[in-house]
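Take a look at these structures.
Both complexes below contain chain A, partnered by chain B and then by chain C.
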Partner chain A sequence: MSICTELTRRDFIVQSAAVAAVAALSPSLTKPAYAEDLPDGLAWHKAPCRFCGTGCGVIVGIKGGRLVAVQGDPQNEVNKGLLCAKGYYLGAALYGRDRLTKPMVRKGGQLVPVTWDQAIDVIADKILEDPLKFGIYGSGQWTVAEGYVAMKLLKGGMGSNHIDPNARLCMASAVVGMITTFGVDEPSGCYDDLDECDTVITWGNNWAEMHPVLFSRFIDRRNRGHKITYIDLGTRKTRSTVAADHYMEFVPQTDMAIINCVCYQLVKRGSYDKKFVSKFVRFKGSDKKDMTFDQYTKFLADYTPEKVSELSGISVAHLHLLADVFSDARRKVVSLWCMGVNQHTRGTWVNNLIYNLHLLSGKFGKPGSTPFSLTGQPSACGTCREVGTLAHALPGGRVVKSAEHRKETEDFWKCKPGAINPKPGFHTVKMFKEMAAGNLNGIWVQVTNPAQSLPNLNELMANASKRFFVVSDIYPTATTRIADVVLPSSTWVEKNGVFGNSERRTQQWFKMIDAPGQARDDVWQMLAVARRLYDKGFAGMKDRNGEFLLAIRDDNGKEIEAWKWDVFSKFNVDKVLFNEYRQFTVKKHKDIAPYDVYVESHGMRWPVVKDEDGVWRETKRRFVEGEDPYVKPGKEIQFYMSKAKDDKAIIWARPYVAPPEVPDNDYPFWLNTGRVLEHWHTGTMTGRVRELKHAMPSAYVEVHPEDADQMQLEDGDRINIISRRGSLILPVVVRGRGIPQKGMVFVPFFDETKLINRVTLDAYCPMSKEPDYKKCAVRIEKV
Partner chain B sequence: MRSSHRKSLNRIVLVALLFAGTYPVFGKEVAAKSVSSRAERRSFYTAPPVIPHVVHGWQTDKTCLTCHDQIRQWRGATSMLTPHPEFSNCQQCHVQQAAPTWQPKSKFLGSSWNGLAEQEKGIRANLVAPPTIPHRYLMRENCVACHLDVHSNFPASVEHPKRSNCQQCHMMPKANKFILVPLKKATKQTVANASSENSGKNSGGK
Partner chain C sequence: MPISSLIVRSGEDTVDAVVQAIGQMPGASVVEVQGGAVAALTETDDKIQDKALWDRMEQLPGVVKVDLIYHNFEDVIREPVS
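This part shows the complex of A and B:
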């Protein structure tokens, strides 16, 4: 086909004349008129993605006051220009037709629109009934400032510690795992290790769907010719499994025994890293007593490959292969895990065990060798873990139990001495149980949807419609439906914000568009309620000088009336709060730089410390000499936050413990739950994106082919999934995008019309209080 | 300087007029057809195209490449060749728009999303100049994946497919406006955090 023929004589004359005319007019116009051919008024701004903990950089196209396009940011080291489907559709996620645009209060059973002033008043009055019985349930999707304001309001002003985030359901085990092993939270390695490693091991992790950009960072390397071995340990075959060189399927919960078995072999072979162990590690039993290496060896004696093979279902050959990988001193191994390990009734211990393996083999702190805990939410690290929006915590790695930490915090906040309650508040599961029982008067929920995402919903959300819930969100959700006050929020680039991702990278963005209708920032909502409490004479909202506790001051120290929306919206309150929060970060060497440094960067990994030449320098690998400014020269590796102050990490003897509920004659199947690539958590935002909704319209239950044969089930047949707590009917898929092991079914939780969490178990890790969504016992019946 | 520039340009125009008929210059219809077919599968300009067919069940990373590793024509349909075979987690970015029949549909609540429109076509400095590349280039380095005449909807069918060093002649017009945003430009803020009395010094925000 010749395109030339498409050129008509008229086109030709028009084009020739145009060229001639332009040439005659001005030489400058004869240059390709690039700018003129680009859409008018289009501007691009940087932001981090709003979805998962990977923290990809995006550039956001704005035109005519609307968001019109999202691209991966090639200048951002996290994703180097690549995104996943959720990220590309970030813009569309803001434009669902049913965005919440008016504050509403329930009257006579109905949610009716009210003014902001009225809504704020209702909340303030409810809090004043008993400030000690009013909780805040937040999110790993809170910006740093949002979490910080909530903490100051509740812990600094209201006198209780009943604040917890949905990150409790997600990262709590990772937090306690790191604190117990290293004495301080958050990963020591970084994503660069994926570019350097020669072996990747995933522990119950489907990163092809959950952290797709990182998965591609590895798989693209391999497709370009790098030799990387990928070992996938899991209980369900996933899209990640198809890329694996070795897939090792284990009986749920036996990950604990498997890791101990690899350690057993390293010790037995004498192939552990003796120098690393003698210099940087000490041993402890689960009774917290010190152990000698010999005692630890004795502890491991139970975990021979033969025994563990029988327990776990992994072949002895595969257990040997794992030991080979960790025995080879030249190999560079990255371990990755996320919800499979964290949402586990022994989540903290499994986190410890993975560290054991890397410490014992010395696969730590070297480029390409690191145990790397992946984070679920965009600021689970930045907000929940660093600001510390947890029932027991204070900002910057402090805890309410410590008098010293309380005093420091009170001084920073200028609270009256003793304002901070030393008693930890209710963690998530407890908070909702206490609410169901009527022991809390109210909960303010921001940026999360507990009526869909909590486990064992029938119990945890019992009586919810009779209780007082304030819900700040951008769309109607299962939680707004039971709320008494619904506040329309602005989201992502409708406000200023800062997130902190999985690899300690702090990323900043500016507001780019206005939120629809009367939707307003979550930070403002908290400030407005705080001010109303102050105006109503509540003593907790006054600092030690009698001034407003949550005062926002401009660069000249002058207080502004930030509780008024027209003042707030013209001022960068985020910057003020971030710079105030900064002073908390130094104590545990999680130093962050001033706000303006992040404005000019694509994010920086803390500790960010100012060099002698005045440049703010980030840290790729913590505890490593030459990389981490807090490691003293000559130390090589220094775990400088160790509790015993001996600069050593701890290898914990953590035994295998059976799960609390296992399949039996009445409930013979395991139920596993999780996410899908297309939807973010409960689908509130991604369900409003046409392309994503079409791609993944509704929930289903994956059944193993042999189980399906036995029960004569085919794709589309409906089965009832019944546990001791609830039931749910879903269509079957036999060879879908995942294949659970024989005797297990898998259900994604994104579908708000199919609440699988009515079936799940609320048993949790005794240390991290994180519930186990990955295993409970169910029976299935064909409908 | 100016007049000599003009002279040489006039000369170029003359040459252009002489040779114009022999160069491929696309008509408006082809361009419009191309733009609409591109837009049909993209939520906005620069979005990855959606998958227009059902993707069944269990996949391996080679499943998509079974068809999309080269251009194949089958029962009247033509498979696109992937321009980036090294990115093999295809459904990370490309999502199907027809779920399998066993999966119940669910109601889409509607959206007022109105994405950036497709860019129409490249620009020619003059009639005989090779057109510029009108789209984002990242991950589409293999130009002939699209620009072959089997894809009748693309204006693309290059007349010289053997000249594979496309960017030797076809430039990226300020492409950088679509790809690389200078950070300082990308981080503008309009408000300043200083009270009026002293706004001269210590003005906050960038």
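This part shows the complex of A and C:
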């Protein structure tokens, strides 16, 4: 290439970068095209970001079969052209030098390369030893088709319900919270509410680092002169706190009492929304019995500002301020929460309590007023919650316990009647405990890394790791190191996919580049094992007509040999599976459109229903007349999935309950754990991105400055963090990007060389079975 | 050479100082300013320098947030594994 051409080409790239930035700066400008008509020589295609549940749209630049550029998708309403650091380095995450490229099987203690055929055979034989004792541990990073195939293989074919996703560890409390309050899962509001609110409250949520692009939407509004009050309730000061008008620091677990206290004040002042409450709400006690409003008032009597201030550490003035916000009928309030509420031994109840507050104050279903539960992973909603890859669930909001739901599912799948086991399988923590006990013989782990991310690792993994592990992943991880079979996977734009984000938005993308070496799609891996089981004569892999249960058919209804890689790789199997799954989504009014509709769009929020004029129309706000097509005219708000079929949501009387482990003389500190901006969860991908690794190379422990003074600790000193379960030595950071409250230390969990989950507790919410990673008791010793 | 663009968000009272500071950073330039938001461009030798530049922008007094918009790294991409 001549210097002249080089310069011209470089100019084009500079120009493209500048145009993209100006467009993102000016939301009203016509958005630039992203297709191949840009003069930068790249082919640009849309995809959702691979990382968090915000679900930003990315435009991916391909040149010579390689991913060489990314930009925020200006046409995607989630991010309007913006990206955070993780999204920015999406491309680099694919090109780590140690990508897994060959299937491997453990022989004589070593993982040795084998052919795909051999690996598939080993897995099939292990399953056939006892299909009912084989499980799948999946992920909120599974695509919709991946989760769907896993469900059909295991629940439809193997008669086992032992499937659960890592999403159990991050959003199970949100799911059970919504189902118990509204009768159906997933948020009613949407990100647009952030553009219309005048108050944002975060409940234990560091959105500046965990959902950075949503935080930018808020900062952008402020910069444009909108007056928005931001109240940050937390147990640790974070980057989000810097933008807060009010920071309210509370003793861990007392969020339950704080919310009840605000409700107490609304009732006492008479400032709750009487019309909303009388028309749309019912009251229940935790014994599930109906309550009168008077009984609910009596329940709240324990939560006076004075008492709750003493318990929580929040001042009476701040408790009054919160009540003022929810008492003011004109205020438009968005509540946001994520792991701080969900990873909680009473996570379901705290979810219920936040809904109580919004229902009691009528701050629901109006533009700018909504309780909004954020999700951590890119398809925790689309796959785990909607496809239902949970131990108790079936696709589309169904459950295995229901004979009606099992029959519907068996009919859709054409399974033999009775094929689906009515007994729920093991949820995540139980799954690994039962493996240790020998009640599960084997497990197939896809797109996740439990040997690093499970709580109380010393106990949960020590014996479980002696069982048979199949691990599909793209890099070596803590879990591939204990695996018996390692399968190299394709990731993100190396395959076709669909994700569903936090705001019910379904987003589709096409394969753009080849995966390295012999890496193959997880969907193919499962289809290949299913077919091998069929070929070996396993009856579960035959449908009621004797045909292959997981058959993939072309547009003419002719079965293709999708279990053969050369056939699979030339055919869009994702489209077939997505359109098959679609039929499940109507029952609970979570309707999705046909696959091709998403090909043309930059994401649509369900329910997506066809208008009279033939246009597929998304729904911004559920349960709201004029927005949600399932709300009947004249109803205003209709909770049409309420269990009692009275169209009402439930305000639950949920009392404060102390956590199972609190600091004492032997273990006087709280331990809180979490994520950092630079790394995605256990860091297996972002740790391969030099720039991110360079910016955040290893784990550390944040200590409050007063505790550090008292213990004569300075930045860089090493301390041993010791709990009843394990210990870990880490360098101290005293004034880092986060400052935990006095008496608390905070440790991020991304560093696989420093496993803080050897120290954490595996106690979980009794309703959602989600563990609490945010509080256990430790002592710290200078080393 | 990676080429990137980003938006640096500060208050309107600090934006002039932010624009000036970005202008003095080797490899960085300002494309447009709207209210408290600055569209900036970076051209650096490698991605570490690229990241270092926007880290510096994020640490400028008054800057609340840096959003990333466009990132072309075709000259510095590692060979894919085979």
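Criterion: the second predicted complex is superposed on the first by the 740 of 783 C-alpha atoms of A that agree within 3 Å, B and C clash if a C-alpha of one lies under 4 Å from a C-alpha of the other, contacts with A are read in each partner's own complex, and residues count from 1 in each chain.
Here is the rule we go by: contacts are C-beta pairs under 8 Å (C-beta built on N, C-alpha and C of every residue); 3 or more make two chains touch, one makes a residue touch a chain.
Values in this document were obtained by computation on a predicted structure and should not be read as measured data.
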Partner touching more residues of chain A, whether chain B or chain C:
B
Give one of first, second, both or neither to describe whether A:Ile482 is in contact with chain B, with chain C, with both, or with none.
neither
Considering only touches as defined above, state whether A:Val523 meets chain B (first), chain C (second), both or neither.
neither
Just checking: does A:Leu322 make contact with chain B only, chain C only, both, or neither of them? Give me first, second, both or neither.
neither
For A:Thr101, is the partner it touches chain B (first), chain C (second), both, or none of the two (neither)?
second
Per the contact definition in the header, classify A:Cys52: touching chain B only (first), chain C only (second), both, or neither.
neither
Of the two partner chains, chain B (first) and chain C (second), which one does A:Val747 touch, if any: first, second, both, or neither?
neither
Contacts of A:Val701 with chain B and chain C, given as first, second, both or neither:
neither
Chain A residues touched by both chain B and chain C?
16, 20, 24, 42, 61, 63, 66, 68-72, 81-85, 88-89, 91-92, 95-98, 208, 212-213, 215-216, 219-220, 223-224, 242-243, 690-691, 694-695
Over in the complex, which chain C residues touch chain A? Could you list them?
1, 3-7, 9-12, 31-32, 34-37, 39-41, 43, 47-48, 50-51, 55, 64-65, 67-74, 77-78, 80-82
Would you mind writing out the residues of chain A in touch with chain C in their complex?
10, 13-14, 16-18, 20-22, 24-26, 40, 42, 61, 63, 66-72, 81-85, 87-89, 91-92, 94-99, 101, 208, 212-213, 215-216, 219-220, 223-225, 242-243, 516-517, 690-691, 694-695
Chain B residues within the chain A interface of the complex
2, 5-6, 9-10, 12-13, 16-17, 20-30, 43-48, 50, 57-61, 85-89, 91-106, 108-117, 119, 123-127, 132, 136, 138-139, 149, 152, 155, 157, 159, 171, 173-174, 177-181, 183-189, 191, 193-195, 197-198, 202-206
Once bound in the complex, which stretches of chain A touch chain B?
1-4, 6-8, 11-12, 15-16, 19-20, 23-24, 27, 30-35, 37-39, 42, 44-46, 59, 61, 63, 66, 68-75, 81-85, 88-89, 91-92, 95-98, 208, 212-213, 215-216, 219-220, 223-224, 239, 242-243, 510-511, 554-556, 558, 560, 570-572, 575-576, 596, 599-602, 677-678, 687-698, 700, 715-716, 731-733, 735-737, 739, 751, 753
